[in-house]
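Each of the two complexes below includes subunit A, the first together with subunit B, the second together with subunit C.
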Partner chain A sequence: MRKSRAAYPLTWRVMDMLEAIAARLWPARFARALPYLMLAPAVLLVGILVLGLVQIGDSSLRVLDTSTFLMSEDYTLANYQRALTESFFATVAGRSLLGSVIVTVITLILAFPYAYLMVRTPSSALRNVLLVALFLPFFIGQVVRAYGWLIILGNQGMVNEALGLVGVPPMRLLYNYPAVLFGLIQYMLPFAVLMLAPALTAIPAELEAAASSLGANWLGTFRHVVLPLARPGLVGAGLVVVTLSLTDFAIPAILGGGSQDFIANAIYDQFFRTSDQGMGATLSLLLVAVGSLLVGLVFMLFGAGTLAMTGERK
Partner chain B sequence: MSHDKFLTTEIRRRTLLASMAAVGASATLGTGKAFAQEPEKPAEIIVRAWGGSWVDSLKAGVSDSFTKATGIAVRHDLTEDNEIQPKVWAAVAQGRVPPIHINWDTTTNATKSALRGVTEDLSDLPNLKNTTELAKPVGLDGYPIVNTYGYVYVLAYRPSAFPNGAPKSWKDLLDPKLKGRIALYNDGIGFHFPAQVAGGGKLEDIPANMQPAWDFIAKIKEQQPLLGEDPDFTTWFQKGEIDAACTISTNAREAKKNGIELAWVVPEEGAKFDTDGLWIPKGLPENELYWAKQYINHALTKEAQQVWLDGLGLPGVVPGLTPPADLVGDPSYPTTEEDFKHLIRISSKVQVENESQWFAKFKEIMQG
Partner chain C sequence: MPAASAERRVSRESIAVSVRDVGMAFGDVHAVRNASFDLPKGKFLTILGPSGSGKTTLLRMIAGFDAPTSGEIFINNSPVSAVPPHRRAIGMVFQKLALFPHMTAAENVAFPLKMRRHDARAIPEKVERYLQLVRLGGYGGRRINELSGGQQQRVAIARALVFEPDLLLLDEPLAALDRKLREEMQLEFRRIQKELGVTTINVTHDQREALVVSDEVIVMEGGRIQQKAEPVHAYRSPANTFVANFIGVTNFIEGVVAARDGALVSVAAHGRTLTGVAVGDAPATGGACAGAVRAEQIRIAPRADALDRLDTVLAGTVADAIFEGERIVYEVRVPHLGDQLVRVFDHDPVNHLQFSPGDSVCLGWNARDMHVFKK
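Here is the complex of A and B:
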């Protein structure tokens, strides 16, 4: 008697076959190893990064011989000594660190109400507008955005033209430290909002209503309910913004007018202008170290926020 | 490891001998004559170049006529000179074929590559015999680089910002009305040597004592200069951001051609004169090395130099070139001994050996 096709469809047979192949390739007794297998790509990626760091570490211990433009055979700490004693590197490092902290604080202050409004607004139209405004900059690269500011804030730019209409003479709005910080804040704002929004979404609106019904005014509710519960988002957003700002290259290069270098610019100069790979490697490692210390300090003081691995909310 | 090195040396020697024989057989290009010993032609030759009017001039003067004569296409790679350098160095160190056939480079940068030993020897180019002394790199043995023209770091200025006449001295940049309105290269290139004179020092003291230069640069820092690269100067002049800059005359001339109100002078302290050149990285296949050499040989013909350097507005290394009409008698286009008296030329070797320190010092002052 002929079997009914409907009784055992072809798709089931295919699935059975695939399952059989999978069972042969990855027997059930290997099941416990599956999580480790899934980790393999990440381990491989991190391994490559570590290998790169080892090579950079090796380069950092060699000095450039300017008679042959080759790195020295012998190891020395001379590059580290230069990096830690020459005032130029201290100036650039100080500017980068201070800048990243200022950018982080201002960005969080600006991002918080934006994210809060985006999450809490009952108007879907407003939420969509805020979302579009948030994502639009992601389609425009950092360099293009920085050049956009050159057009807007230049001596003959839109802002100065507008000021000219009310009798204010053109003023230099670009090529200084505030211009660099401004550019960084504008660049970092979407990152911060994106990190904050999930944390704010996780705060039940009923809690705010309860605080209000118990007599808390808006400020009290914000201070004692919203802000503490939003801390994981603030920490996560802060970590992302501070590390991206600290290591940024394009904004200081374009909006700084050449006199507001951050550490990344100094690293570029060593690798590509003076051909001193040793010094460039040294500065790179010091930047990694300072960035890691900063992040470690935040972890110790405030926890890992939304970047925490445990899923535990602090 | 040592075996590999030995093999590489052998190949290089064979390559060199073959190239010498082939290049020697054809003194010039453009005759349309095919030589029996000519190696196989590659589909293309890759020449690293600067963008804008720089590459346009190279294409018009050298590349197009090379392609016409040989049938080999020329691709211009516009990777920055500083960024191609580590790529070429890494390729040579790892025994790979380099990413370009010819590097159009500043002589200072090229000298670093020559000192590192990654450049092919070009002493056998037939057209070298027709060149002036300027073609020979100073302080290096043979021709690891062939200089192809010279250029001057002039003081370019906006005439309307100098109503009392053109600036005469680099010290004129210290005028308070120019605060925030001047620009220099971001590594100080072109400015160190005139600053040494403007600061009361002597050129003979370079590199031993450059304190006068640093003192003058520190005064310039008080003027809050913008620091940038070639394209920045044009943009800044165009957008009204600056009124004066120390820049290569070619950039100033190009900006003027584009309608920007601009003029330039060689101030009384003098202006830095330097050269650019062409070189070939080691590691090319034999036939490609041959044709790369032919390209450089072609760049040294009078016809190619005339068109190429008309575009750049720069003096070449072949006698008898005619200056562009707008640069006749211009101090940025030196042709006579008298013209060169106002220019400052320091050997590439001294520059290369001290560049890192000068760069660090300049940055220390400007970033402080």
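Here is the complex of A and C:
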């Protein structure tokens, strides 16, 4: 008996020992509680966030007393009234919403062929190049990348110098709305491609061959087969891009040069420039509300896409 | 001369597919080499071969998914190398069926009609007619994942046929089915093909399927066509040892040619002389050869006197008896053939399992049932 035990590898016996200890500490009748125990840290983290939201909700109901620079003791809806009526906030909100929608549409259009090529190319070398090119920007970071654009697009930047060579006078390429949208699209593209690629991988290449043998040209195949089957990926990628660009801070701040503020920049100004915690909190809550509304609307219209994770697809 | 050319034109017009010297090379690897055959209209051809024999590559070239690196394919006498798949009138049933999961059965069947710009008003009626043809009348509204495996097969067939293609290609669509359903679908393919008269090319590694469904069989191996013949002919007169081995269960007896007398060949093997019939390039006297005897052509008996009408009789010992239901397979060790194991089918319904391992038996066969190939 002892001899045969010795025949087992050491690692097996170590595992047996660990299992015995685990059984002591966590008897089998507790087994049903185990999943909840593993869930606890994540719930705790989200819980702290909710506490923060309650705190922000409290702040949003107090106004700043400009003579003492203290928050008022009484609750009032004055901040909300200001946020919804003052044209400055409407402009910022409109700019952010429109911007995030434009960025999402263009990003998806650009990301789709990229993801498609990456998934379908028979050349593994090309696939690797496309993947590395996708991850490279992640290593650089958002702020550094935005500064990079400042250098490239500046008045003495590469683009203007190249234009100068062909006789075009220097142009102001920065600190305007298109520059911010350009920066955001460039920033969002990898996210969109990474969200789309798994959805496209899930479409068997045989389906496209079948469509073409049944008489569909590439446009017909794309419209009736690839696009409908890629919808979960498009919805998932669209949701991620729209929320990320709606709440983005660095790109509008750096490439907009203060003239193209998004909601996050306005919130920052309220908290750290005018020190109006109440107004900052109000704007934050409104942003959460608008974002949730937008996501809810997309869920209702198109379903949750890949974010639904129902696992019904094979 | 004019009469002869008119006759040639008639025969050319009855050819649906003509494959001329087609080859497919990936660098130095030749998936298909010098494949040539003609397929008359309305015929059911099966390309049979093991995996990697090039049969699927040949089919994909006919469908237009891959272009041949040499040679040309003619469909209805027109070269098609420059024609993309969606402009060829070819229906194809894929290995994994490739049904569109986001459409219903009827939408799948209607897809080729829509893509080929058929009259939209006639589409629903036509879809229903083809669903009825594959015995799925009334199932049009079902989603693909609500159908069973066999029903999905039928939808795929209806979708490939509904636009009345010149040619139907089947890329091993039955490979994944269980045996019962597979045999049922084989007969179904045959029925539909006969009913519509559509020229069909089927690819499979299942020799039974090839024999059951086809008018003609092409056996492929190593990228080359080994034999093209009617199923009976391919089974009864295999062109070489590969075909003899791939279709049916065959015993090979290796030896050298001792003497020749017309078609009859005497084979010297392990000190005995066996008589058989030469196949193809006749091996010369003294040359190495292999005699092939089908398992079902060998009689098995307890004593030699029961086999005295047969040309070749050998004694042996039963090594194993395998019960397969409708038949018993005996593996018999034959000392006169260097202890080779010879496989014998016994269909005797009366004396079922008459021998057990260890029993002494005698085996016998006719000279005409041993095909002698050059090695």
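Just so it is clear, the second predicted complex is superposed on the first by the 299 of 314 C-alpha atoms of A that agree within 3 Å, B and C clash if a C-alpha of one lies under 4 Å from a C-alpha of the other, contacts with A are read in each partner's own complex, and residues count from 1 in each chain.
Here, contacts are C-beta pairs under 8 Å (C-beta built on N, C-alpha and C of every residue); 3 or more make two chains touch, one makes a residue touch a chain.
These figures come from a predicted structure and were not determined experimentally.
S.K.: After lining both complexes up on subunit A, report clash or fit for subunit B versus subunit C.
M.R.: Verdict on subunit A: subunit B and subunit C fit.
S.K.: Check the residue A:E86 against both partner chains and state whether it touches subunit B (first), subunit C (second), both, or neither.
M.R.: In the superposition, A:E86 contacts subunit B only.
S.K.: Name the contact category of A:F272: first (subunit B only), second (subunit C only), both, or neither.
M.R.: A:F272: touches subunit B, not subunit C.
S.K.: Which chain, subunit B or subunit C, is in touch with more residues of subunit A?
M.R.: Looking at subunit B versus subunit C, the one contacting more residues of subunit A is B.
S.K.: A:V225 in the overlay: touching subunit B, subunit C, both, or neither? Say first, second, both or neither.
M.R.: Second partner only, subunit C.
S.K.: Treating the CA centre of subunit A as the corner point, state the angle out to subunit B and subunit C, nearest 10°.
M.R.: Taking the centre of subunit A as apex, the angle works out to 160 degrees.
S.K.: Go through the superposed model and pick first if A:E73 touches only subunit B, second if only subunit C, both, or neither.
M.R.: Touch partners of A:E73: none, neither subunit B nor subunit C.
S.K.: A:R172 in the overlay: touching subunit B, subunit C, both, or neither? Say first, second, both or neither.
M.R.: A:R172 sits against subunit B, while subunit C stays out of touch.
S.K.: Give, as a whole number of angstrom, the minimum Cα separation of subunit B and subunit C in the superposed three-chain arrangement.
M.R.: Once the two complexes are overlaid, subunit B and subunit C approach no closer than 47 Å between C-alpha atoms.
S.K.: Which subunit A residues are contacted by subunit C in one complex and by subunit B in the other?
M.R.: Correct list for subunit A: none, the interfaces share no residue.
S.K.: Considering only the defined contacts, which subunit C positions touch subunit A in the complex?
M.R.: Touching subunit A from subunit C are residues 63-65, 84-86, 88, 90-92, 94-96, 98-102, 111-112, 115-116, 145, 159-160, 163.
S.K.: Tell me, which parts of subunit A touch subunit C in their complex?
M.R.: Against subunit C, the touching part of subunit A is residues 204, 206-207, 209-217, 220, 224-225, 228-229, 314.
S.K.: Report the residues of subunit A in contact with subunit B in the complex, numbered from low to high.
M.R.: By the definition above, subunit A touches subunit B via 64, 66-70, 86-88, 91-92, 95, 150, 154-156, 170, 172, 174-175, 257-261, 266, 269, 271-277.
S.K.: If we count contacts the way the header does, which residues on subunit B are in touch with subunit A in the complex?
M.R.: Residues of subunit B touching subunit A: 80, 82-83, 85-86, 112-113, 115-117, 180, 186-187, 224-228, 239-241, 352-356, 359-360, 363-364, 366-368.
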